[in-house]
Every structure is written in structure tokens, then in C-alpha cells.
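Look for chain A in each of the two complexes below; its partner is chain B in the first and chain C in the second.
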Partner chain A sequence: MGDNDIALMAHLMRRAGFGARYDELEERAAKGYEATVEELLHPDDNPDGLELDLAERYFIEWNHHTRGLPEYVAWRMINSRAALSEKITLFWHGILCTADSKTQSYITSYAELEMFRRCGMGSFRDLLVEISRDPAMIYYLDNCLSHKGAINENYGRELLELFSMGVGMDGKFNYTEEDVKECARAFTGWTIANGIPGQPYGRYEARFVYNAADHDEGEKTFLGETGNFNGEDVIDIICKQPATARFLSRHLYRYFVADDVQVPSWMDTPPPDPETIKMLEDEYFRSNYNIRSMLRVLLNSDAFKNARFSRIKSPIETVIGTLRLAGDWTSPKPGFEWIFDEMKYMGQEIFNPPSVEGWHTGQEWIDGGTLVHRINFTAEFVANLDHPGIQDIVSRLASNGPTITGEQLVEGCLRYMGHYELSEENHRMLIRQASQDGELDTSSKDFPERVTKTMQMIVSTKEYLYA
Partner chain B sequence: MVTEIAPVTFQYSHTIGRQEVRSGTGFFNPVAITHDADSLLYVLSRGTETPAFYPCKRVTVFSVDEEFVRDFGHKFHPHEAVPSAPDGGFMWPTSVAIDSEGKVYVADEWLQRITIFDSEGNCLGSWGKTGNGDGEFDRPSGLAFDKEDNLYMVDSRNSRVQVFTRDGKFIRKWGSFGDGDGQFDMPWGIEIDHNGDVYVADWRNDRIQKFTAEGQFLMKFGTSGSGDGEFNRPTGVAVDKDGIIYVADFKNDRLQVFHRDGTFAAKLTGEATLSSWGRERVELDPTITRGREIAQGLQEREKVFAGPVAVDVDDENRVFVTEVARHRVQVFQKQSAIFQGGLL
Partner chain C sequence: MTSNKKDPVLVVLQMSGAYDAVNTIIPYNDPHYADYRPVLKVAPEDVLHINDQVGFHPAMKPMKDLYDQGKVAVIQGIGYPNPIRSHFRSMDIWHTAEPDKMGTEGWLGKAVRDLDPNKENVLTAVSFGRGLPRALALPGVSVASVGELDTYGVLTGIDGEDQRLEALDIFARMYSPLIGSGPANDYLSQTGLDALKGADTLNTAPLTYSSSVEYGGSPFAQWVKNISQVHLAEFGTRVLYTGLNPGAFDTHANQNIAFPKLWGEVTDAVSDLYEDLKEHHKNEEVVILMFTEFGRRVQENGSGTDHGSGSVAFVIGDAVKGGVYGDYPSLEPGKLDEGDLKWNNDFRSTYATLLDKWMGLDDKAILGGSYEQFDFIR
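Presenting the complex of A and B:
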């Protein structure tokens, strides 16, 4: 097992998860890349290592999912071995968007995330049916206000524009305004029950109701097909479209492989890697719209393996990745709300995407304020020698011998933090800084601090912004 | 020869409480309940860390008829929750017990201490030391007093029960980690019956164990599952004067009832109705009133237990079930199996 294997595993775990400590990388690399991909693709067949009973004992408000749900979701991301399950849940949360700022019901929003966890790697067709029945979505996009004879187009429009096909592809529109209206007609009657008020006993999960009496039974023409369509029929037609294959493939590529332009530009901007996108489109149809199959193709592709450090980490990836590296929050303790706040200050709030379009990604994560916050947060954590993950890095470096050079220190930190790669200039600068006092005595009292200072410099580089 | 055990039946009485994130009438994530010699009930709210919700971690005292008496205690913010934090505040409160003088003892599993209040809610001090030696503890959970005012504590992460004097002097201990007789895995609730025998909710072993006051193992019942007599993380246990055993079957969202020999007797899944405090809140806001009028399936959904975490029973055989996720107490009256006289 060479450095390359571990570096590749670090890449996989950053993308298909939220990063991993070096001991986990060694363990997974020993098992093999493809075997690890399969393990990640089948979370139900492998223990996730989460002790949720214990977490819910101490954070008892997580019980029944009535409160503290952003923290609960973060807890799962930090501690689950089923990393892709959590990552795909976040993926769909950023595409099939609802926001608690409108729904005001964590228990219902969390049920949506559980649905993503359950269906997020299955059939895209089933996922679209589930999201169309999802109470948070029905409320968020007003389908509960869409009635036979008086449609509200909101859900019908976003289902086409942002959830499945996109406005256009290769410079051409994918659907017409008439299609939007017909789509909305097909989803009349897909509504929610009148809910129980949050007082006096707290929130209850909202419930889907199909109201046949309010469904428009009339004939509809949608994307060139005519019939007495209901919502599922419309989804079947959507799933057959080449535009849907392109849209889903491009989303998967952007999330797992490399940054791309924002979604509204996709109609006129070709995908950055047409060959890989085509491969995903083909797999979409071959597998009968199976997301797991598409992910398998993607994660085993050379395009993925060679795409290291080509995506800017999202705030959630930054915070969760840092906590996983540090080994913090592996057991319950007070103060967890603060972790959620950190992501929020960096520009990404779980359960509250800024709009139905989701979060804009790539360089849009970064501005003066969020950059400073990101670096300060990360630098603070890697400097804390109380964290077991940081102690582990110090121990590994100290085990190299009685002394190490400044270059060994820098290389070791980069390796144990997940095989990060720096520009030549930054690399040289860090080595110069680390070497200024000559060789380092690994048994000296200030050695741990020299290690953490080097790590602080690494997390302050531009390269560390990338995954 | 007796071939049938008298059935144990219950009449739902009423519901007490509502969600109240600050103080006054209501609870916020209640985790423990007990009663004093005057039949006043004491509910301990674990609350939340959210700064705006203050004091939220507190003890609320009230009558069975839902007359608010007082509340006391307050919460620390996480950065204040250190061993030197002043007495009277809570971080992760877990249990409440009352001695023969009416003093109130609250366990806090983060601050690792027992805080003592007088019956008016004035803080009298605290004791406790973290560790695994005699008299030290790690994450104290359930508390219960015997008739001699000895305090029995579930020392959860040390997998044992410890017995203390009221001022914290160690008396004895028993238990170790495991799933054998007399062993525990993250135990939680504790109860002492009228004979002085001790019952422990062996949380992660999904069972109840019974001991003598000295710690001699007497019996166990329960296994993992959701069938009758099975548990999914039992949290609280209570025993009435007839020896009937009540178990808060937390993650199965039910109360299970057992005969004194541990055989299954009955299960309750909740009958909640609108409490008086709840009605006061509802009537303050017409939108809530209207919302309840149009809510579909309100009665069926509102009545069931959600996170029944603690149970208490008084000498009148009234059973009090505390629900952490619904911030309330459901009250049931055990019906007598003895013929009370009168006409057929």
C-alpha cells in the first residue's frame, strides 16, 4: 500500500464523504479503492458506527426530531462511517430544496432528509415521486395551494426547471410555459393535511394527502405526449428526457468532481467534461435511472480520480471535515449549537438554502468575510492539541526519529491531513519557515506546537480551500 | 390453585403541562418526575442550549390538579458549564429525588454533581466528584431515596449503583459493566419499592433488574424488541404499593406494566387530552384555536406518547408518565382488582 493509494483514498473520502483521518484512510486503502466505493454505495449493508441511541440520550431533544435538527444532521456527518449516505443526503438537500425559514417545522424538514437518505441512491424516478409527495416541499412550493381549475404553477415549474430537466440544454429550451401549466395540473390534489399547531405540545410531522376530488382529471399534453396524466405519469415522461439525464449527470459531476458554472447558465454553457457527462447519461438510461449505478461509474472513472483539488469546499464540508480531522465531537458534550453557527457564518445553513435554487457553489462560497471565518475556524481546530486527531498527527511525525527536517515536517503534515498538495511557491515558503531553526527535535516540549503551527499555515493557503 | 393473575387495568385521568421554553406553567424536554409527601409533583426539565430559552432547565413544582406552585434552578451556557460553576444551575440535569425533610436533590451528568434545594427552591449546595473510585461517579442518572434517607444513584458510565448519605458520604456500591446478572450497560432510572428492594432500568441491555437494598441480584426481565415484555431502551421504572412495576419503554413510545414477578401485565400507549395549562396557551392565540379546530387527526395523533422517559406512581395508585418530546405528564389511575362493595 503506497502513498498514492492513500492519497487517492483521501480524495475519495473528501468527495464521497467529509474527509477522514489518516488511520481510516490506511484502513480503507488496505481494503482497496473499488471495495471502498462499493461499501460507500451500500450503506445499508455496512454498520455506520453511529451510536444514535447514546447521542439522543444526551442530546435528548433530538429524540423524535422535534428540535436541534441541524446539529443532529451535523452529528451524523461527523460520526457516520456511511459517509456517502450523508453526503448524498446533503446533495439532494441542495437541489430538491426546501427551507425551514418558510416551513418552520424541523420535524417535517428532517423527515425530508430521511427520505433523501433512504432514496437518494435509488431510482431517480422514485425520488421525484417521493419529493412530490413530501409535505415540506408541497408547503414550500405551494402545491397545497394548487387546485383543480385554479392551479399554482410554482411546484410544476421548479420540478422542471430546478429538479429534473433544467431550462435548456445545448442552447435550446427543454420545455414550454404550456408544459409548466400542464405539469401543475397533473399535480393538483397532491397536498397536505391540515397540521396540528406547535402549541401546546410541540410540532408534529406534516402528512401528505392525495385529494382525488381536487385533482384535475382532464386531458393534458405534456412534452409532446397527451393523456389523462397524474403526477406520476408526468414524472415518467420527465425521466425519459435526454435533458433529465444531462441535468442529473451535470449535478453529480459538479458535486463530486469539479466546480461548474451555476445552474441558470447551464442552458448556454456546455458541461466542462462532455465525455464524462456522456458516460453518466448513458448509465442513467442503461440502469433505468439508477443513481447508485451512476455514482459507481463516476467514482471509478479516471475523470474523478484525476480531479483532486478542483472543487472549493462548501462550508459544511469545511467544518465537518475539520472536525473529522481533529477527532472532535465523537462523543456528546455541550456546545454543539456553535458548530451549526460556524457553518452558517461561512454561508451555508443546514435546512435553510437561500432559495429554491439551492446554494451557489464554487468561488461563490468565498468572500472577504467567509474566507476569514473559514481560515480562523480551521486554524483554531488544528492548533488544539486536546483533539485526538491532532495528537495523532504529532505522534506520527514524532515516530519518524529523534529529529526531522523542516521539509519532513511540512511533507508529513500535508500527508497526514489528507495528502494535500500546495503550489510550488507555497510549498517552498512553508519549508523555509519550518526549517529556519534547523532540524527539529521530536522529543522536545515545543515540537507539538511546531507541528500545529505548520498545520495552521497549511489551512491558511489557497490550496486548502479546495477538496 | 390460582390459574389467572388478576388483570391490571387503568383509567386515563388527565394531562398536565405544555411546552414552555422559559419558566412558569409548562415544561421543556422533561426527563424526570417525583412527588413529595404532600403529593406535589416535581418535574425536571432538561431544556436546551439555545440561549434565548432561559431558564428552561429547571424543576417545576405543581399539584396533581395542575396548580402551579413554583419553579427553581436555571441553565448554564456551555462555556459556563465547568466544575466550578456556581450551585443552583444545570447543564445536563437527569434526575430529581426528595428526602424525608422535603429537600430536593438534582443530578447533573455533565457537571457531575448532586445539587440540593430546600422545599422552597433555595439552593443549599452541592456535592460530587468525578471518577470511578468509591463515592466518585461518572454521569449520574437516576436517583431515589430509601426510607432511611439513603440516596441511591445510578452511576451510569461506571455501570453501577452507588448508595450515599444525604450529604454525599459513600455507603456501598454494586455492579459492573456487562450483560450478566448484576451487570449494567449505561443504566438510567432507579426505583425503591415499599419493601426496600431496588429496580434499575438497565438501558442499553433493554431490561429491568431487581436487587435487594444491599445489591443482591433478585431477578431480571425484558429483552430487546417491541413485543410485549420487550424493551427498546427503557429509561424509567416505578413500583406501586401493590408491587406492580411500571417501565417507561422509551424508544417504543409506551409504558409497560408488569406483575411483581416480572411477567407482562399491560401496556399503555397514551391517551393525552388538552391540559389546563395547554388550554390557557391555546386560548391566548386565536390562530392556535382555529388551527386545532381544522387539524386533521388531532385527537388520534395528540394522545400518543412521544418519548415517555420517566414514570412515577403515588400511594393512591396514580401513575404519572412524563414525555420528553411532548413536554407533558399523562396521569392514569390504576383500577383496583379488589371488589369495593355495592350492588351487582
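Presenting the complex of A and C:
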């Protein structure tokens, strides 16, 4: 098992998870790449290693899901071995968006998230049916206000525009305004009981209700097909469209492989890697819309394996990845709420995507304020020698012998942080800095600090902004 | 205009949590007031009278003093269509000036883009607090977001001044743009260097600052002091933003304890800022907007007040024509909006007035429409 295998595993775990410490990378690389992909694709068959019993008894607010939901989600992301299950849950939260700022009901948002965890790698058709029945969504996009004879188009429109097909593809529109209306008609009667806002009556979990009396039974023409369509019929028609295959493939590519332009530009901007997109589109139809199958093809593709450091990390990836590297928050202790705030300060507030379009990604994560915050947050963690993950990197470096060179120090840090790669200039600059006092005595008192200083410089690079 | 006025500067103070408009500008002469507020009512003789109808809460004495000098516009009955009683969504609406759809672009971000279209000054806008408010968010617009001015900067966690200077030197070299490295890399380089340059400049503000004004010790008061420091340092900053921590004014319970204390702190800080600027002969170039996301329920709950809609906002400064604007919403039971004050002027009218009459910007382009303006700017 060579460095290459571990570097590839580090890449896989950054993309299909939130990064992993070196010992986990060694262990997974020993099992093999494809075996690890299969394990990640089948979270139900493999232990996730989560000790939720203990955490839930400590963070008692989680039991009620009235507070503490962002922290609960963060806890899972930090500690679950079923990394892809958490990652795909976040993926759908950023596409099939609802925001707590409107729904104001953590218990309902929690139910939605568990649905993503349950259905997020299954059939895309089933997922669209589930999200159309999801109480948080029905409230968020006003389908509960859409009635027979008086439709509210909000959900019907976003289902097409942002959840399945996209406005257009290859410069052409995918559907008409008439299709939006017909789609909304098909979803009349899909509503909720226990309307969501907590104020002024208190919070209850909302549930899906199909009100047949309020469903428009009339004939509808949608994307060229005519019939007395209900919501599921419309979803069946949507799933058959090449535009849907493209839209889902492009989303998976952007989330797992490489940055792409923002969604509203997809109609007129071709995908960055048409061959890989085509491969995913083919698998979408071949597998009967199975997301797990698409992910298997994607994660085992050369395009994925070669796409290292071509996505700017999201704030959630930054914060969770840093905590996983440091080995912090593996057991309950007081003061967890701030994790939520750290992500927010970097521009990603979990449960509050800025709009139904989800978060803008890539370089839009970075502005002066968020960059400074991101670097300082990460630099603080890697410099804290109380964290077991940081201690581990120091002792791995110290085990190289009584002395190491500045070059060995820099390369060792890059390796144990997950085989990061720097530009030649920056690499040289860091080695020069690390070498200025000659060889480093690994048993000296200030050795650990020399290591953490080097790591601080690494996390402040442009390269480290990428995953 | 006025004598020492240079480029107009807008200071925005966000009073998060939704202050209780009814007990902020108190309709002390309305017989309904005492009925709605058996516990929370302020006795008419304690209210700081503006006229024979309304007056400030007694904890707002510093603000009343500024009002008496003719420097405060009180915008009564401010709100927006289809009021939403969620803190977050409502604050988003104030930030994006888009009540009808989920907007993502901040109204002040757009103002900053118009103030500095060629991005010549990385400090055209500075925000104090944790995280950038959406009001200032706009792709391509750089805003300095400062937690603590005295220690603001990149890699502040590195111990030892020499080591930090060395690290910053390397940082600057690492963020130098490389030829042919692509637009994303160029953007990151520029952002990193802007942040570094912004920090280098901002760090000098406290060093050159001296004043006889002593601000309070709360984070908010210190951020207001930072606003003064940055303005006095003449970096060309045109928009300065800070606020209370989220939820500060969210007085569902024990309002009689928290509310006067907060208004005392806040109005002290506002008055300190005004005095500080005046001491340095820079009072005429600054106008302050103070707002909250919505009002609170007219009927108290026995200890505090729940979420409401119609509110009150304040515009403060030498350039302001002091007085009361907008009508005080009726307290008559039949004229409330689901138990809340019914708004009668769109918050975008206040924004439009500030953008156009004060900042000299195209309010219609920024707000995506035309809103009737007030005449509170001289």
C-alpha cells in the first residue's frame, strides 16, 4: 500500500465524506478503493460507529428536536463512519431546499433530513415523491395554499426549475409556463395537517395529508402528455426526461467532482466535462433512476479520481473536516452550539440556505470576511496540541528519527493532513521557512510547535481552500 | 449643504431580536395603551414626551437629547407588505429589500458596488460583528468583516510578533497572483490580498484614535466605538455596519428588566458616537439608521411581548431634519393587524430616502423599484 493509494483514499474521503484522519485512511486503503466505495454506498449494511445513545443523553435537547438540530447534524457528520450517508443528506438539503427561517419547526426539518438519509441514495423518482409529500417542503413552497381552481404555482415551478429538470438545457427551455401550471394542478390536494409555524400556538410535527376533495381531477397536459394526472404521474413524466438526467448528473458532478457555474447558468453554459456527464446520464436511465448506481459509476471513474483539489470546500466541509482532522468532539462535552455559528460566519447556515436555489458554491463561498474567518478558524485548530489528531501528526513526524529536515517537516504535514498538494512556489516557500534553522530535533521541546506552525501556514494557502 | 461635510457616510445599527415599538415610542396618551400593557406600561409622566401623543421610553434619554437638538427622525409605522413574524425571514427581508421573494443580494452590497464600481478601496464598507450580514452580501463586492478591531487580521492565532510578521509575509507572497493560473485562482489571490491590505489598514485605526468620549463595555458599544475609529481614520469608508447579537431584543419574558437596560446601552452608544464625531468635527458627514426586524404584539403576555409586525425606525445625524414621520398606527382593537401595529410606510421608502437624498445613489436601481421618499434629509 503506497502513498498513492492513501492519497486517493484521502481524496475519496474528502468528497464522499468530510475528510478522514491518517489512521482511517491507512485502514480504508488497506481494504481497497472499490471495497471502500461499496461500504460507503451501503450505510445500512455497515456500522456507522455512532454512539448516539450517549450523545442523546448528554445533549438532551436533541430528543425533542425543538432545539439543537444543527448540532445533532454536525455531530453525525463528525463522528459517523457512514460518511457518504451524511454527505448525501447534506447534498439533498442543498438542492431540495427548505429553510427554517420560514418553516420554523425543527421537528419538521428533522423529519425531512431523516427522509434524505433514508432515500438519498435510492430511486430519484421515489425521492421526488417523498419531497412532494414532505411537510416542511409543502409549507416552505406553499403547496398547502394551492387549491383546486386556485393554484399556487410555487411548488410546481420549483419542482421543475430547481428540483428535477432545470429551466433549460443546451440553450433550449425544458418546459413552458403552461407546464408549470399543469404541474401545480396535479399537486393540488397534497397538503399538511398541523400547519407549521410555532407562533402563536406552539410547535407540532406537521404531517402529509392528501385531500382528495381539493385535488383537481380535470385533464392536464404536461410535457406533451395528456391525462388526469396526479402528482406521481407528473413525477413519472419528469423522470423520463433527458433534462432530468442531465440536471441530476450535473448536480452530482458539481458536488462530488469539480466546481461548476451556478445553477441558473446551466441552460446556456455546457457542463465542464460532457463525457462524464453523459456517462452519468446513461447510468441514470440504465439503473432506472437509481442514485446509488450513479454514485458508484461516478466514484469509480477516472474523471473523479483525477479531479483532486478542484472544488472549493464549503463552510460545512471546512468546519467538519477540521474537527475530524483534529479529533475534536468525538465525545460529548459542553459548548457545542458554536459549531453552527462558525459555519454561519463562513457563509453556510445549515437549515437556512439563502433561498430555494440553495447555496451558491465554488468561489462564491469566499469573500474577504469569510476567507479571514475560515483561515483563522482552521489555523486555531491545527495549532492546538490538546487535540488528539494534532498530537498524532506530531508523533508520526517525530517517529522519523532524531532529526528531520525542513522538507521532511513540510511534506510530512501535507501527507498526514490528507496528502494536500501545494503549487511549486508555495511548496518551496514553506520548505525555506521550515529549513531556516537547519535540521529539526524531533525530541526538542519546541518541535510540536514547529509542526503546528507549518500546519498553520498550510491551512492558510489558497490550495487548502480546495478539496 | 453643510460646512465640514465630505463624502456622505451611512452607519447602520441593527437591533436584532425585534424591539417592542409600542414601548419604544410610547403612545402614552392613548387610553388603549394602559389596557394592553397592565404590567409593562410606562407611566405618562415618565415618558420622555415628543409631543402630546407619543414619547420615548425613559431609558432612551440620550436619544431624546439628540431628538431635542433636532437630529433624530422617528419613522413610525414602518413595515412591509404581508408581514412575517419570523426573526430570520423578516431580517432577510430588511437585508435584501425583497419582501415578495427570497432575495440573496444585500441592499447595501449593491450600494457599495455603486459607490466603488472599480473596487478601488477594500474598505468602502466595513462590518463589525461575527459574520457578514446579508445586507452587505453581494458576489464580487468586498466588505471587511471585523470581529475585534484591535486584533483583526489573518493568522491572528500565531504567537509571537516576529513569527506572525513572517507568516504574513509568506501569506502575501503565497497569494500573489500567478500568471496563467485561471480566474478562480486570480479571484482567491485578490481576495486574500484585499483581506490582508484591509487588515493592515484597519489595524492602524485604533493607533491614531484619541477621544475624550468613553464608550460602554458591551460588545455593541465597542463596535460602535470601532465605527468611530474607522471613520475618523479617513480610510474612505462609506458604509459602516454593526448590531446587537441575535435575539437581544427578543423580550418574550421579563421585558421590564431587559428592555430598559438594552435601550440604555444602545442609546448611550449612539449618543457617544455622535459626541465623539463632533469632538473631531466629523459629525456632519455621518447619518445613522437604526432598525429592527419587526414590532411586537400590542397586547403584552404578562411578562413580555410576542412577535408582531409594524415597527419604528430611527435616522440620526446633523443632516437629518428631526421630527416624527409616518403616522402612529392606531391602537383601536379593530384597527390592529392580527393584534399588531399595522404598518403604513414601506421600509424601502426610508432606504430610498437614504440612498438618494443622503448617499446620492440611484435608489430605484438598488431597490428594484420606486418608493415614495421622506424629507428627513436636509
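The rule we apply is simple: the second predicted complex is superposed on the first by the 458 of 467 C-alpha atoms of A that agree within 3 Å, B and C clash if a C-alpha of one lies under 4 Å from a C-alpha of the other, contacts with A are read in each partner's own complex, and residues count from 1 in each chain.
One rule holds in what follows: contacts are C-beta pairs under 8 Å (C-beta built on N, C-alpha and C of every residue); 3 or more make two chains touch, one makes a residue touch a chain.
All of these numbers come straight from a predicted model, not from anything done at the bench.
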Which superposed partner A:D53 touches (first chain B, second chain C, both, neither): first
Partner chain(s) touched by A:N194 [first = chain B, second = chain C, both, neither]: first
First, second, both or neither for A:G335, with chain B first and chain C second: first
First, second, both or neither for A:Y204, with chain B first and chain C second: first
Which partner, chain B or chain C, touches more chain A residues: C
Residues on chain A lying within both footprints (that of chain B and that of chain C): 197, 199-200
Touching residues (chain side chain A, partner chain B) in the complex: 53-54, 57-58, 60-61, 63-64, 66-68, 193-202, 204, 207, 209, 333-338
Contact footprint of chain A on chain C as seen in their complex: 84-89, 92, 101-104, 122, 127, 130-132, 134, 137, 139, 141-145, 152-158, 163, 166-167, 170-171, 173-175, 178, 184-185, 187-189, 191-192, 194-195, 198-199, 306-307
Of all residues in chain B, those that touch chain A in their complex: 18-19, 26, 29, 31, 46, 48-50, 78-79, 81, 91-92, 109-110, 186, 188, 203-204, 233, 250-251, 272, 274-275, 277-279, 281-282, 285, 287-288, 291-292, 294-298, 301-302, 306-307, 309, 324-328
Touch list for chain A against partner chain C, complex: 99-102, 104, 197, 199-200, 259, 312, 341, 344-347, 352, 354-357, 360, 362-364, 366-373, 375-376, 379-380, 383, 423, 425-426, 429-430, 433, 453, 456-457, 460-462, 465
